[in-house]
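In the two assemblies presented below, subunit A is common to both, partnered first by subunit B and then by subunit C.
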Partner chain A sequence: MSEEEIILPSIASGVKSLTVNDRPMHEFGYNPSLGPHSNEITESSLNILLNRKTISLTPTSTHSIYDRNILGTKKHELSISSLSFLFGEVVSWSHRSSKGIQDLENRLNGLGYKIGQRTLELVKLRERFKNTKREIRLVEMLQFIHSTLWKALFGESANELERSQDINNEYMITDNCPLMAKFINIPKDYGNLNCSALTAGIIEGALDSAGFYAHVSAHSVPTDYMPQRTVFLIKVEEEVLIREDLRGGPMN
Partner chain B sequence: MSRSGEEVWKNSTEKINSELFTLTYGSVVAQLCSDYNNNYNLVNKQLDSMGYNIGIRLIEEFLAKTGAARCHTMKETAEIILKVGFKMFLNITPQVDNWSLDNRQFSLILNENPLADFVELPSDAKDLWYSQILCGVLRGALHMVQLDVSVWFVKDVLKGDDITELKLKLNKILKDEVPAGED
Partner chain C sequence: MKVYAIYILNKAGGLIYQNDINPGLNKLSANDYLVLAGTIHGVHAIASKLKPTEFEPSSKPFGGEKEIPIESSATFSSSISVRDSTINNDVVNGRWNNPNTNNTGLRSIETDLFNVYVFQSLTGIKFILITSPNPIVHNVASLNLKINKGELNRQFDLAKEIFHNIYVTYSDYVMKDPFYSLEMPIKNNLFDSKIRELAK
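For the complex of A and B:
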C-alpha cells in the first residue's frame, strides 16, 4: 500500500476517508482487513443483535394486490349470468335512487366512467405498449377503443366505427349486441332509456383519461335482426379538434 | 339428474372475462360509499340487500341448469353451494371448514375472490365488508329453497387477514311460502 491518501471524489470534503485499517464503528460487521474473524459474535455485537428495537417491515399479507402479476396471461373467467345479475341489480338500484330517465342514464354513465379510467390503464399495461407508442391522434385512439379495449372487456371488437359527415366533432361506435345490456328489457314507458349508458361511460372515462375530452351517450338503433343494436355517440370537445388540426388535420 | 359444477361450467355456461365484473362491482361499491358519505355500515347493508335481490333470481338459473335434488342435511347443502354454486357462477371453489357441533353452522373459505381482484381498501374503511354482496346472494338463494340462514363475513384478506372467511348459519327451515322481495 502506498502511503498517499486515496482521493475519493464522491465523498464531500471534511468527511474522513476510510482506510483498510478502520474498524467498524459499532464493533459489528465484516471487516475485510480482519477477514472471517470479524464476524465472530462478541459480547457487544450480541447486545446489538438482541436489544435492537425494530418495526417490522415484512409484508404481513401475501395476498396484497401488489404481490400479484397484473400482466398475468391466464385470465380468470366467470359466467355471464353473474355479470348480468349484478348489472340488473345495479340498474334497478340506480333507478330507485334517480329522479328520471336522464338522471338514471347519468348515474349509469358515472359508474362506467370509473371503469373506463381503470380499464384504459390496465389494457395499455397488458399490451406492454406493444406498438411502442401512445395514441396521440383522435382516430387512432378511437380505433384502439373500438378494437383492443372492446376486446379486453367484452371478448370481441365492436362492430363499426364511423365519423359523422355533417357534424365534424361526432364519431360513432356501433355494437350490434352489447354484452352488458344483453338481458335487460326496457319497459315501453321508459321510451329511449338505454342501459348501455354504462358502456358509454366506460368509453368516456377512457377517452378523458387519454386526454381526448369527449361526451359519450348510448342510443338504441335496433334493426329487425339485432334488437339490441346500440350506437355510442361520441361528441369530441372543441379543443381536441384544434389540437388535431395542429397535428396535421383530421386523419383519413 | 343433477349435474356437477364442473359439467355445468364447461358445457352450459357462456363465459366472460372476470375483469369487467370486478371493475363494475368496484365502481358500485365506490359509488355507494360516496352516496352514504362513507357510512360503511349502511353500505354493508345496502350491498347485502342488493345481493338478496340477486339471490332470489339466481336460484332459478341454478336449479334449471343443475337439476339439483333436495338436500337432506346441511352438509349436503354446503357441498352443493361450494362445488356447484360458486363454481358455475364465479368459477371458484371455496373450502368448507369449522362445522359447529350441531352441524348448523360452517365457514366458507374463499381462496380467491373475483369481486376483490384490484382492490385496496383505504385505511379508514375498517368497517366495510367489501364483498358483502355475497352474503346477500347466499341468503336470498337459500331463502328460496326454504332455508332461513344468516351469512356474515368474519375475515377478509382486504383487511389484512390471512384468509377470506364467511360464516353461514342455519336459523330454521321454512314452510313452503313465497317470501316478499326486499328493496
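For the complex of A and C:
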C-alpha cells in the first residue's frame, strides 16, 4: 500500500484525509475511496443489516385507517379539522390556477369526479353481503346516492331528494349542512361560488360510472337557520330517460 | 353579564375584527377604533413587564392577583387587575419565570361603567371583550361588607368561558376558510353569526 494521497473527485476538501485504508464504522456503507467494492455484502455487513434497529422519528400507528381491512365493517372516521384543512388547501390551490369562478367550480367538480368513480366501487364492495343488486333504475340509483353513498362519505344521509315538477330530467339532493364546506365562507365578490362543487363532482362521477349519465352542479340556497344549505342539481341526460321509458316508464 | 363588543387584534396590534353585539357603547370613528386597539395592545405589553421578573416562591403567598386601585379624577373609579397565573400554577410546576406563556399581561379592567377583558392566545392574537360592569362593585369591599371572593371573580370566569368559545369559533370558521389571509381583517358572515350566537 503506497503512502501517496489519492485524489478523490467528489469529496469536499474537509474529508481529503480519507484514504483507502479508512473503513467506515461497523464495516458497513459506501466508501468512496474503495468504490462499488465497499458495498459488497460480507458476513459482518449482513449481520448489521439483519439486526438493524431503527427508531422512527415519525410515529405511525399500525391502527391507522390505512392499515385496516378495506372490507372492515368498523367505521372509518377521520377528524373534521384535517378534512377541512385539506379541502381548504384544495380550494385555494384550484383557485390559484383558475381563470375565474366558473373555472374554479369546474376544477373542483373534476377533482370530485374521480373520487366519485372510486367511491362507488368501494361502497358497493363494502355492502357486498347486505345488498348484492345493482341499481338499474334512475330513482333507485339516486336513492342509493342520497342515503348509502352519502352515509359512507359524510356519516349521515342527505336531507332531501326531490324531483323537479317542471323539468322532467332534473332531480335535486339537498344537504342542510354540507360537511366539506362547513367552515368555508364565500366572500361577497365571489358571487354564487359554491365549494361543494367537489361534492357535486362526486355525485356526477358515481352516476356516470354507474351508467346514469348526468351533469351535477351545486347551488347555495341558504335559509335563516341553515346558512350553508346546498342543493345539488342533477340534470340527467336524455338517453337515460329513454332507457327508463323502455324499462317501464318513470318509477315513483 | 351583557357583552357589548368583541374585538380581535392581530399580532401587531391591528384591529382585524370588530363586532358590536349589544348597544351600550358610544360609536367611535373607524380611526379611533384602531387607536383604541393599539392602545390596549400597548398597555398589555407594558403590564406584562410590570410583574416582578424574579421573586422567592416561598415568600409570596399563592394567589396571583395584584390589584392596583386607581384614584382618578373622572366620575368613575376603576381598578386594573394584572392577573398573573404564572404565579399560581407555574410555581408548582417549577416554571415560574418562564416568559413563554400567554398568561402574562393585562387580563381585565373593571370600572363602574364597563369591564374590559383581554385574552391572548399563544400565537399572539388578542381577543378583547367589553361587557357590562360587575353587579357587585369592588368599592363595596371598602364599606366593610362581607362578600365572597367568588362573587367578584364570577364575571371574570364567565368571560374566560366566552373567550374559550370565541377561540374555538375563530379556529374553526376563520382559520379553516381558504379565502382568509392571515393577519388581515376578518370579513366573514358565518363567523359573525356564530359569534353573535355565543355572546348572547
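Basically, the second predicted complex is superposed on the first by the 181 of 252 C-alpha atoms of A that agree within 3 Å, B and C clash if a C-alpha of one lies under 4 Å from a C-alpha of the other, contacts with A are read in each partner's own complex, and residues count from 1 in each chain.
Here is the rule we go by: a residue touches a chain if its C-beta (ideal position, glycine included) is under 8 Å from a C-beta of that chain, and two chains touch if they have at least 3 such contacts.
The structure presented is a predicted model; accordingly, all values stated were derived computationally and were not measured.
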When subunit B and subunit C are modelled together on subunit A, clash or fit: fit
Partner chain in contact with A:81 - subunit B first, subunit C second, else both or neither: both
Subunit B versus subunit C as contact partner of A:91, first or second or both or neither: second
Touched partner set for A:153, first subunit B, second subunit C, both or neither: first
Most subunit A residues touched (candidates subunit B, subunit C): B
Which of subunit B and subunit C A:226 touches, first, second, both or neither: neither
First, second, both or neither for A:177, with subunit B first and subunit C second: neither
Subunit B versus subunit C as contact partner of A:111, first or second or both or neither: first
Partner chain in contact with A:190 - subunit B first, subunit C second, else both or neither: second
Minimum C-alpha separation between subunit B and subunit C after superposing on chain A, in Å: 5
Subunit C-contacting residues of subunit A that also contact subunit B: 81, 85, 87-89, 92
Of subunit C, residues touching subunit A in the complex: 172-173, 176-180, 187-191, 193
Subunit A-facing residues of subunit B, complex: 9, 13-21, 23-28, 30-31, 35, 46, 50, 53-54, 57-58, 61, 88-91, 112, 114, 117-120, 133, 157, 160-162, 183
Residue ranges of subunit A touching subunit B (in the complex, touch as defined): 60-61, 63-65, 75-83, 85-90, 92-93, 96-97, 107, 110-112, 114-115, 118-119, 122, 152-155, 179, 198
Of all residues in subunit A, those that touch subunit C in their complex: 81, 84-85, 87-89, 91-92, 95, 183-188, 190, 195, 227-228
